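Below, subunit A partners subunit B and then partners subunit C, in two separate complexes.
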Partner chain A sequence: MIFEGKQKIWSDYQKEIPSDGWFYVRSCIRQNFFPASEKYFLAVCRDLLGHDIYETRHHTTCGGIAYHSDTIPQETAMTIVARQFALMKEAGYKNLVTSCITSFGNYTEILETWREFPELEARIRENLWKATRREFDKPEHLAHASDLVYKFRGEIAERAKFRLVDKTAGRPLRIVEHIGCHYSKMFPHKGIGGAEYPCVLSGMVEAWGGEVVDYPERRHCCGFGFRQYLVKANRGYSVSNTHKKFESMEPYHPDAIITNCPGCPYFLDRWQYVIAEQTGKTYGSGGFGIPVLTYEELAGLVLGYDPWDLGLQLHQVAVEPLLDKIGIEYDPSAKYLGLDRKDIMRPGLPEVLKCC
Partner chain B sequence: MDYFEELCRDYRFKEGYHTCINCGTCTAVCPAAEFYRYDPRQIVSIVQTRDNARIEALLKSETIWYCGECMSCVTRCPRRNGPGLVIMALRDLSIRLGFFTESEKGRQLYPLTKALNGNVLNYGYCVHPATFTYKDHPESGPVFEWALNHKEDVYARLGANYGADGEGALRRIPQEDLDELKAIYDVTGGTERLELVEKYSRAKAAEMGMTMEEYTEYTFTHCSEGHFNDGR
Partner chain C sequence: MIDFGFSLSKSSSIKLDEVDLSLYRRLEEVEPGVRICMGCGSCSATCNASKWSGMSVRKVILDLQRGRDMKEMLSCCMLCGKCSMVCPRGINTRHLILSLCRLYESGK
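Presenting the complex of A and B:
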């Protein structure tokens, strides 16, 4: 194919991401399990790089998990999202950035459905007015928070204190990237690189000096499956899917995994613990697992933030082997301390999975 | 009731059902199909027959509850169908007709509905540390058992604003905003849905000779044999 043809095709997989003017909505799961990631998204993109990102305390869940667990009707989910759009309008913003892939998929699905069925959008406007006396504008641009970090990856690289390089071996770190199903499987043209060539995470990894691992089950689901994890009786589904991914990536000896969706790092981290305790198998070297990071955590590490400020102590898989490879210094005795070095005890240790 | 006509009213069905050529691509890529005795191709095929008896059997079956709604099928269907969207429409109809209590996996809707919507309406989050317990989530590991036992300290250390006023992670969402969520539920059929699930689940619990507490625990934890691809 001629070069221009390739360029044309690739342009279909790009999306316009303004640098400023973003109304920020948080993720239910990221707040629970990786709260520091959201803190450092704002610390890096807003405070360090100076981009305009606004948050109001009045925003809520988008209802996406309740919706995909089939517990609320579609119109309820749509009207909750319409309320977020109304808050955005009232704050004077036109672009919405969400911290969650389920939310990103939910917002995208809603906007696309309204585009195709305007009568449904009109009904949701009525619903919102009846319930809250609010009116909304649809966002001009919709992004996932990782889209912004991808856009600013060069600015982050310019300020980086560390590169994703094994300091001792002198080779790029081998990083597995996991995009999360609802980023671009439903609406490929809404994600950077689409469903076939998503580069939102691989772009970060390469910009920061790492090497992306390709492996057979790269695009397989982490196994969340909403009701398949949330109901205790179904969790075999969830761990089986994670197991399939780890068996597939194992021969490539990844140094770390970077994730897009807030749920995926939780599952890829915790199911490694469960697989280790149930079967004795670990996927890192020396009895450790493979560290699983959010993209905010990885950005924070290359920028030189303290690993315990970034919240890496909340991972069950120890991150220390990765920190050692990069050459990041850390205080092991501070890992589980509270504010002002308050002693709040330490977690117990797993029997099989090696932890620090 | 003509079930096919009823499905056609659902916007997810309008989006996700066109003409299926039964190629089986959806089943080949489906994470649920590897694990459960589940075949999305077969489900769309049954719907396509428009045979009321066969669709009713589907609405009462285990199989429509096996999907994880990852939507991997949507990307790959050569006819731009979305079997995952068809499943969402089937589940919605099964719930509205009370058929969900006829299957073990369908009955799980009760604890799910209580937990998720309790979080949404009481806290403004789908998931919240106040209701996420280590007992129900032992897979969260000793690190999260520790975190939950020291929530205020751990979240403060990590820069969250747990349970407090203002912005930030895990902030207390003002009551006026929770009131708006409740009003949205009232206006859009969300409240009616919760009541419907409660009504049918209570009837099923009585039929099974269980208190609601026992029914909740049983539906949340019990897994019979016969669901899995490996013959279990």
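Presenting the complex of A and C:
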């Protein structure tokens, strides 16, 4: 083995991520599905760890969902993205970090398209000027929010109040990581570890004391796939994809799933209820499901934030068994209390999938 | 059970450790040429019956290797032999189909 050669090959799988100077853009759907995730990304990376991350209330969605659902042409999505770049320039920032995997894929695809077709970039510049009288600079670095959490995983581990360890059994928690197709499959060289060794989530899990589960369908799609779900006639295909993943991971008895993408946690979480109703089968122990968390929620948990402030009561699958394993204390009566301890009402309980 | 208006589809994945390959193994004994098929599909492209019946020698061989029953598809073959003439590996596909039909008939 030539060590230098190995190092050269491995360096191709790395990604340069500056610690500071990031302009943050949010996701359109994450704020509805897992509303506290983005808040706690800023709370952890900006407020707790002190890194320079800026967001403006003037930014919008990237148009990625509409683009992937074939409802807007790519040029429209490009002009929306160009406006985000213009806002970044106006704020004095040069690096852009996205909350959403689809946004990350969308921004990357657009920048790559402009690199290949500069005349298209010129047309979008003209479109943006005509529509908004704005001009933009392309970002020097483009990252997904999980790239930053991965970079700061050591700092988070130093401040962690809990480890991803089963307190009673004294073993590391078995965590399934799900990367998301738009992170490592569209432009593999833009993600940490490429398509072969995507370690953005597994790096966090291992740094925080957990153990990553390797199972046959680890890189299979979660089942969202936009039109697979958005068109009702295709929805059976969507849930079948998710079912395939759960059947594959079941023998390894995972304690939790950590996800990278807005769609993945939603579908891996909600489809467990649908699969339970359709087949009578649940994948966690004691009739519960396998809790599905976003990486910000997991970071928040190890840092000791209140699970209900992290929005874990909005999950379909009950997270209490996981909290008990880690040894995180929580107040069951506060689960459905919102701001100012106002009752936000309780959801109906499913018949098959056990929930707290 | 709740009717959601959609349901799980049966998985089409094949676990090769679990499928019964005995028919394919017997075919290999009587028609060793089947082993050198590279699945190019020339046979299917030239098949007269393909357009109307879905007949495909490539599909027959591939599905037998996956333990599937291909009896119904064989009944679509007109035994014209055009597939044998175009096979780049020189497999006598017409004879292969006849041998397979005999294996099905003998119930072996």
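Just so we're on the same page, the second predicted complex is superposed on the first by the 355 of 356 C-alpha atoms of A that agree within 3 Å, B and C clash if a C-alpha of one lies under 4 Å from a C-alpha of the other, contacts with A are read in each partner's own complex, and residues count from 1 in each chain.
Convention: contacts are C-beta pairs under 8 Å (C-beta built on N, C-alpha and C of every residue); 3 or more make two chains touch, one makes a residue touch a chain.
Being a predicted model, the structure only gives us computed values, none of them experimental.
Legend: residue contacts after superposition of the two complexes on their common chain; A:T79 is shown touching subunit B, with no touch to subunit C. With both structures placed on the common chain, the touch criterion links A:T279 to subunit C but leaves subunit B unconnected.
By the touch criterion defined above, A:I2 reaches neither subunit B nor subunit C. After superposition on the shared chain, subunit A has more residues touched by B, the comparison being subunit B against subunit C. Of the two partner chains placed around the shared chain by superposition, subunit B is the only one that A:R227 touches, whereas subunit C remains out of contact. Looking at the shared chain after the overlay, A:T56 reaches subunit B, while subunit C stays out of its contact range. Contacts of A:H243 after superposition on the shared chain: subunit C is touched, whereas subunit B is not. In the superposition on chain A, A:K130 makes contact with subunit B only, while subunit C stays out of contact range.
Residues 232-233, 235-237, 239-240, 244, 274 of subunit A contact both subunit B in one complex and subunit C in the other. Chain contact summary for the complex, subunit B toward subunit A: residues 10-12, 14-15, 31-32, 34-36, 65, 67-72, 74-75, 82, 88, 91-92, 95, 105, 108-109, 111-113, 115-117, 119-120, 124-129, 132, 136, 139-147, 149-150, 153-160, 165-171, 173-174, 177-178, 180-181, 183-190, 193, 197, 219-223, 228. Listed in rising order, the residues of subunit C touching subunit A in the complex are 1-2, 4-9, 11, 13. Chain contact summary for the complex, subunit A toward subunit B: residues 26, 28-33, 35-36, 38-39, 55-61, 63-66, 68-76, 78-80, 83, 105, 113, 116-117, 120, 127-128, 130-132, 181-182, 185-186, 188, 195, 219-221, 223-228, 230-237, 239-241, 244, 270-271, 273-274, 309, 311, 313-316, 336-339, 342, 344-350, 355. Every residue of subunit A that touches subunit C in the complex is listed here, in rising order: 232-233, 235-237, 239-240, 243-244, 274-275, 277-280.
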